[in-house]
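Next, two complexes with subunit A in common: one pairs it with subunit B, the other with subunit C.
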Partner chain A sequence: MDTFLAIFTVFTQLDLLVLVGVGTFVGIYIGAIPGLSVTMAVSILISFTFSWDVYPAISLMVGIYMGGVYGGSRTAILLNIPGAPSAIATAMDGYPMAQRGEAGQAIGVTTVMSFFGGLIGILVLALAAPFVSEFALSFQPRDYMLLAVLGILLVGSLSSGSMIKGIFAGSLGIAIGAVGRDPLTFTERFTFDFQIMEGGISFIAVMIGMFGVSEALMQLQNVNMKAVRQKIDRIVPSFGTVKKYLPLSLQTSTIGVIIGALPGTGGDIAALMAYDHAKRVTKKPKVPFGQGAMEGLVAPETANNAAVGGAFIPMMTLGIPGDAVTAIMIGALFIHGLNPGPMLMIDQPDMFWFIVGALFTANIFMLIFGLTGIKIFTKIVEIPRSIIIPLILLLSIVGAYAVNNSITDVYWMLGFGVFGYFMRHYGYPLGPVILGVILSRLLDDNWRRAIISEREELGRFFHGIFTSPLSLVLFVAVILIFVSQTPLWAILKKRLFRKTS
Partner chain B sequence: MHPEFRGDMDHHDGTSDAIPGGYVEKQRPGELAFAIFLTLASLFLLYSAYGISGFDALSAPGAIPMATTLVMAISAFAVVLRTARLKKVTTETLSKDILPGTVVLFIGFLIVFGLLLQPLGFVLTAAVFLIVAIKVLAKRGWGYTLAVALGSLVVIWIVFRVVFTVLLPAGVLPEAEFIQYFRNLMSAGAS
Partner chain C sequence: MSRKLISAVIALGLSTTIAVAQDYPTKEIQGIIQWSAGGSTDTVMRSVTPHAEAALGGTVVMQNMTGAVGAIALNHVAGAKADGYTLLMGAENPLLYKVMGLGDKDYSEFTPINILARGTPILVANKDAPFDDYSGMLDYIASNPGALRLGSTGPGGLPSVITAMMNTVEGELDVIAVPYDGDGPALTALQGGAIDVMPAVLGAAIETIRAGAIKPIAIFDVEQNENLPDVPLVTSFNDGYNTYLPWGPFFGVFAPKDTPDDVVAKLSAAYTEGAANPDFMKLMEDRGFTMMGISGAEATAFLSKWQQGTAWLLQDSGLAKTSPEEFGIARP
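Coming up: the complex of A and B.
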C-alpha cells in the first residue's frame, strides 16, 4: 500500500505534477532544438535546482530526461542531426522519410512507439529493481569495483566513436574524480600543491563544460546555417499503423530494456542493436532500410525509450550509470543527498517508487506533448543560433557558479569546455569522461576495501574472485572486453577464421 | 557498423552532440599534435600519481590514480601511433575548420566574463556579454541586438532569482534593494 501511495505521490501533489509536465515539455524542445541536448540541459539544471527540495528537483529532471530522450528523435528526423546519442539510429530512416515529405507521419509513429517502449521499460524497472537490489546486497566490494570497471570499459568501447579513445576518455574521468584530498587517508592527489585543488574538481563544472560550453563553441561554426522550415501536417498515426508494428515494437522494447539494464550500456547501443534486429527480422520492408523504412524508425525509438527504464535498474540499485545522461542523473541524486545503490531501496523505498511514478507520468506527458503543439514546435526550432549560443554560454557560466558560489568552478568549467571542444573535433567521446568522474569514488573506495580485506595480498584477492561465481563472471567480462581492444584480439580472430575456412 | 565509426561526412566536425567528430581513415589538422599533447600530459600525471604514495601498498591512495594514468598514457600513445599512420585531410586547415577566429574570440569573451563576474556583478556582465555576443554573431542593427539581449536577460534574471532562487554576484548594482523595493510594493498592495 505504501508502495502504491509513493508511486502516485506525483498525482496527489499538483506542484510535482506540473513540474514533471513542464520538465517533459521543455525536455522535448531542448532535445529538438539543434545545438541543445539532454545531457547539456540536465547538467546545467542540476546546479539550478540545487537549493530546491529533493522531490520537486527530481520531478523536473525526470521530466526533462524522458522528454529529451524522445525529443532527440525530432532533429534526427527533420535535420539528420541526432539530438541525443540514442537517436543516431533514428536518423538512418527518419531523415529519408522527412525528405520525402513524410515528416509528420514519422514523428507521429515515433511518438506512439516511444511511449510504448517507455512504458515497457518502466514496468520492467518496477518489477526487477527490488530483486536486483536484494541481490546486490550480497555484492562484495570487489564486485562493485569490477562492475565500475566494466561500466567504464563498456561505455568506452561500445558507444559511438573510436574504442581506444573511449578508454582514454574513461580513465581521464577517473583521474579527474581522484583530484583533491583522498577521503580515506587525506593524502593530496593531483593537487600540485595548489590550495584551490584540495577540494577536488566539481563534477558539475566538468559536466557543464563538456556538454554545455564545448557544444556551444562547436555550434559557433554553424552559426549561419539556416533553420530548416519543415511542413508538418497530420501527425497522429492511425490505429492500423500502430497495430501493424506492435509485434516488432514488443521485441525491440525487450532488447531496449535488457541492453539498458546492463551496467555501462544505454539507449544508444540499445537503439543500434534494435535497428539491426529489425533489419534481420523484416523480410520484405515496403521501403528498403536506410531509405525511409518505417521499421527502421520503430525499432530504435521503442528501444531507446525502453532503455530509460532499463538503465534506471543498475543506476538505482547499484549506483552504476548506463550512459552519459544516466551518469548525470546520478550526479543529480548525489547533489540532493541521495545515494543510489542497494541501500536506497532499503532506506528510502518511497524515493524509488516516487521516481518510478515520475517516470510513468513523464511518459504520459511525452505522448500528449509529442502529438500536439506542432505549430509552436516549428516556431521554436527556428530560433536563430546567433541568439541560442550566447544564451547557452551565459547559462553555463551561471550554472557552474551557482553550485558553490565559486569563481574557480567557472574557470574549471571553461577549461573543460575548451578541452572538450578539441576532444569533439578529434573524435574522443565525452560520455566516458563523465562516467569516469561519477564512478571514480566508487571504484577507488571499493578497490581499497577489497584489497585491505584480503590483507593486501593479490593472491588472496584473486582467490576470492575465482571462488565467487559472480565475481568470476564480472572478471571474465572485464578481461574479454579489454582483450578485444588490443591487437591480440585481431591476431586471435585471424587464427580462428583461418581454422574455420 | 564500423567499430571505428566516428560520424559520417555530414557530422565529422562533431556538430552533433551524439557523434564525436573526426574521420575514420584520415587525420584532421592538429589531431596528431593533440594526441601527442595527451600522451605527454598523461605521462606527467603518471609521474605525479607515483608521487602520491609510490609503490607503498596496493591499497595506498596512489594505487588507482597510478593505474588510471598508466592506462591513459598507453591509450594516448596508441592513438598517436595510429593517427601518425593516417593520411592528412587535404580540405581542412587548422584556422578554418578546427579553431576559427570566432571560437577564439568567444573563448576570450568567456574568460573576460569570468574575470568581471564578481567585481561588476551578474546583471551588468551578462548584459555586456549578451549585447556583444549577439552583435558579433547576428550582425544585425543595434536596435535588434539591444532588444534581444536585454529582453532575454530580463527573462533569465527573473527565472533564476524567482524560480530557482540562485544567488548571483550582485556587484555594483543595488540588486537586493531593488528586489526589496518590489517586495514592499507587493506587500503594500496585498495588505
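Coming up: the complex of A and C.
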C-alpha cells in the first residue's frame, strides 16, 4: 500500500507539481511547432537534468511528453500543418473546421478528447501493465508485418478522390522509406552512390516539407484573401457532445494503447489506424469525413494520447521502450542510477506509481492549458497571410535542421515541399506518402525477418500464420479490409442483400 | 534550457575568434554521439561528460548524429577542424567499416582521447529453449540442423563477431541468423520467442537475466564476471576461445587526427578524471562494463590490436567484404 501512495508524490511536493506543469506547457508549444519534437526536447533534458534528482527530472520529461503529443494537433487544425507525425490525421478534418470558422470548437473537442484518451492510457498502464506487455511481447515478426499491411490498406481512407492516385502516393512513400543503408544488412539501396543518400531520407523532413512548405506555397496563391473570422464562443464542448463520442473514443483509445505498447510502433501509426477505424464504424457522420467531421478529430486525438500510457507499459514492466521518447527515458533512469528492466517493478515499485501519478497530473495540466489558451491561439488563423507564410517557412527550415543537425535534411525538406505542392495541384493526396514512409521499414524489416526465420520457405510461413491465433486474426482482418475496398465487395453485398429480402 | 540556448548563441558569436591552446577551452565543445539517444553509447557518454566538464572547466554540448551505422557522425567529425572543439563519442564498429565495405574512414583518422570501458559478450537464450548450457546448445544444433534461430544485428555487429568466433572454434554451425536493427529489439524478440539464442553485450541483457526472463548460456570472457558469478565461461567448454578472448565492444572519445598535443592532453586528463568518478564507475559496474580509462599510446595500441584481431576473424570466417590486407591491417 505504501508503494501505491507514491502515486501522490507529485501532488504532495510542490516543486514536482510545478515541473510537471511547466513541462506540459512547454510540451504543448514544442509539439505545436513542426520539427521541434518531443524526442529532441527529452534528449536535451537528459544532459540538462543530469545533476538533478531522478523524480524532478522524470516529472519534467513526462510533462513534455504528454503536452507534446497533444500540441501537435494545434497547428494541424489552425494551419493544416501537423506539428508532429501523430497529428497528421487530425489535420484532415481539423483544418476544414478552422476554414469554416470553427477552430475554437475543434480545439475544444480535441483537448477534451486528448484528455480522455490520455486517461484511458494511464488507467491501462496502472491496472493492466503486466498483461498488456505480455501480449505485446507475443507479437512475432510476421504479426508486425501483417500490422504494417493493415496500415498500408489505410491508403483508401486517406485519399479523397482517385484511389489510383492514393496508391501511387503510398507506393512513393514506401520507396522513400527504403532509401539509404538497409538497417539489417547495411546494403545501400537507391543511393546512386551519393554519400548524402546513405543515411536515408529523414521522415520528419518529408513530413515538414509535404505539409508545411507545400501548404505555405498553396496559400501564397491567395495572399490577399480575407482570413476567416473564428467563432470562439463555444470552446468547451457540451456534456452531450462528449457523451455522443464516448463509444467511439473508447474504441480508438484501445487501438492507441495497444499500438503504443508494441515496441516499434507508436502514436503516429495509432492515430492513422484510429482515423481509419472511425471512418469505418461511423455510418452517417453529420459532416462527411475530410470536410470537418468531428469523428475525424476524436479518433486520432484519443488514440495518440492513449498511446502515451501504452508506450510506458513495456518500459516499466520490461525495460523495453514502447517508442523513441520512452527509449530516451530508459537512458535517463539508467543515468540516475536506476536499472530499468523487468526488475524495476519489483525492486522499485515506487517509481512505477510515481510515473503513473506524474502522467495523470500532466494529463490534467494538458486539459487546463489546452482549454485556456484557445482564444489567443485561434488568432493565429486571423493573422494576415503575408506574415504567417514566411513564418511557416522559417519554422519549417529550423525544424528540419534541428532533427539531425543536418543541412541535408533542409534540402530534402524544401525539395519535398515543392514536390508536394505539385502533388496537391494535380490532386494527389499527401497523407498516403507519409503513411508509406512510416510503414516502409516496419513492413520491409519484419517481412524479411519472418521469412528468414522460416528458412525462406513460404509453406512454413503460412503454416505459422494459420497456427497462431494472433496472426490468424490479423490475416483475416487484412483480407476482409482488402476485399471491402474492391468492387467484389459491392457485388457480394448486393447478392446477400437480395437473398435476405 | 534557455540558459544553454543563450550560451550557445554567444558561443556562435565567439567562434570567429581564434582560440589559443593554452586557454583551451574558450568556447563550447561539440560532442557528436554516433548512436541515437537512449542507446548504450549515448547513456555512457552523457553520464561521463558532466564529470569531465567539471575537470576541464568547459562545456561539452552533446548531440546525437545517427545514420549509416555511425558513419555519418564519423565523417562529420573527421571533416571538422582539428582544434579540439568537435569530438566524436563513438563505439567499436568504425574499426570494421573498411573491411565490411561501410566506409573508407576509421579511427586512424582520429586521436583517441580516452577509451572509457569495454563490454563483455554473453550468449543468452529464450527461457523455454530446450537446452540450459553451452554444450547442450551445441548438441541441439547438431541434432536439429537449420532450426535454431540466432539473433544478429547486421554485419560487423557484436553478434556477427561472436558468431564468427563460434564458427571458427567449433566448426560451421548450421543455424538461422535473423537480423534486427540493434540489440534492444533483438533482445525483445528473444523474450517473445521470435529468436532462440542471441549473443549480446552483458550490460544490455543483465536486468532481463536477473528477472529470469531469459537464460544465460555462457560468458565470452577469460575471467568470471562479478555480476553473474554462476554463469560459466565459454572457455570452460572449449579452450579454443582463448585465442580470441578477451574481446568486447568499447566506448571511446576521439578527436580529429591533427588536434594540437596540448589540447589532446587536456582533454585526455579531463576524461580520465571524469571516468574515475565513483558515481560513474558504480553505474558502469552495475551494468557489467569493465572500466578501461586508457589514453595516449596505450589507447592507440589497443585500437590497432582490436582491429587486427577482429578484422582477420571476420575475414577468416568469410564475413568480410574486403580483405584486411588491402588496408594494411596486419594479421595478428
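One rule holds for everything that comes next: the second predicted complex is superposed on the first by the 266 of 501 C-alpha atoms of A that agree within 3 Å, B and C clash if a C-alpha of one lies under 4 Å from a C-alpha of the other, contacts with A are read in each partner's own complex, and residues count from 1 in each chain.
By our rule, a contact is a pair of C-beta atoms (placed from the backbone, for glycine too) under 8 Å apart; a residue touches a chain by one contact, two chains touch by 3 or more.
Fair warning: this is a prediction, and the values are worked out from it, not measured in the lab.
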First (subunit B), second (subunit C), both or neither touched by A:470: neither
Subunit B versus subunit C as contact partner of A:185, first or second or both or neither: both
Which of subunit B and subunit C A:22 touches, first, second, both or neither: neither
Touching partner for A:448 - first (subunit B), second (subunit C), both, neither: both
Touching partner for A:138 - first (subunit B), second (subunit C), both, neither: second
Contacts of A:258 with subunit B and subunit C, given as first, second, both or neither: neither
First (subunit B), second (subunit C), both or neither touched by A:327: second
Which superposed partner A:402 touches (first subunit B, second subunit C, both, neither): first
Partner, of subunit C and subunit B, that touches more residues belonging to subunit A: B
First, second, both or neither for A:364, with subunit B first and subunit C second: neither
Subunit B and subunit C contact sites that coincide on subunit A, given as residue numbers: 39, 47-48, 50-51, 184-185, 405, 448, 452
Touching residues on subunit C, where the partner in the complex is subunit A: 1, 4, 36-39, 42-43, 46-47, 49-50, 62-69, 71-72, 75, 100, 102, 146, 149, 154-156, 176-181, 184-185, 187-189, 191-195, 206-208, 210-211, 213, 279, 282-283, 286-287
Interfacial residue positions of subunit A with respect to subunit B in the complex: 37, 39-40, 47-52, 72, 80-88, 160-165, 167-168, 171-172, 174-175, 178, 182, 184-185, 187-190, 192, 211, 213, 215, 217-223, 268, 272, 384-387, 389-391, 393-395, 397-398, 401-402, 405, 407, 410-411, 414, 417-418, 421-430, 440, 443-444, 447-448, 451-452, 456, 458
Touch list for subunit A against partner subunit C, complex: 39, 42-48, 50-51, 137-141, 180-181, 183-186, 195, 198-200, 263-264, 314, 318-321, 324, 327-331, 334-335, 337, 339-344, 346, 404-406, 445, 448-449, 452-453, 455
Subunit A-facing residues of subunit B, complex: 1, 3-7, 10-11, 13-23, 28, 30-31, 34-35, 38, 45, 48-49, 52-53, 57-59, 61-65, 68-69, 71-72, 75-76, 78-79, 82, 97-98, 100, 102-103, 106-107, 109-111, 113-114, 117-118, 122, 126, 129-130, 133-134, 137-139, 148-149, 152, 156, 160, 164-169
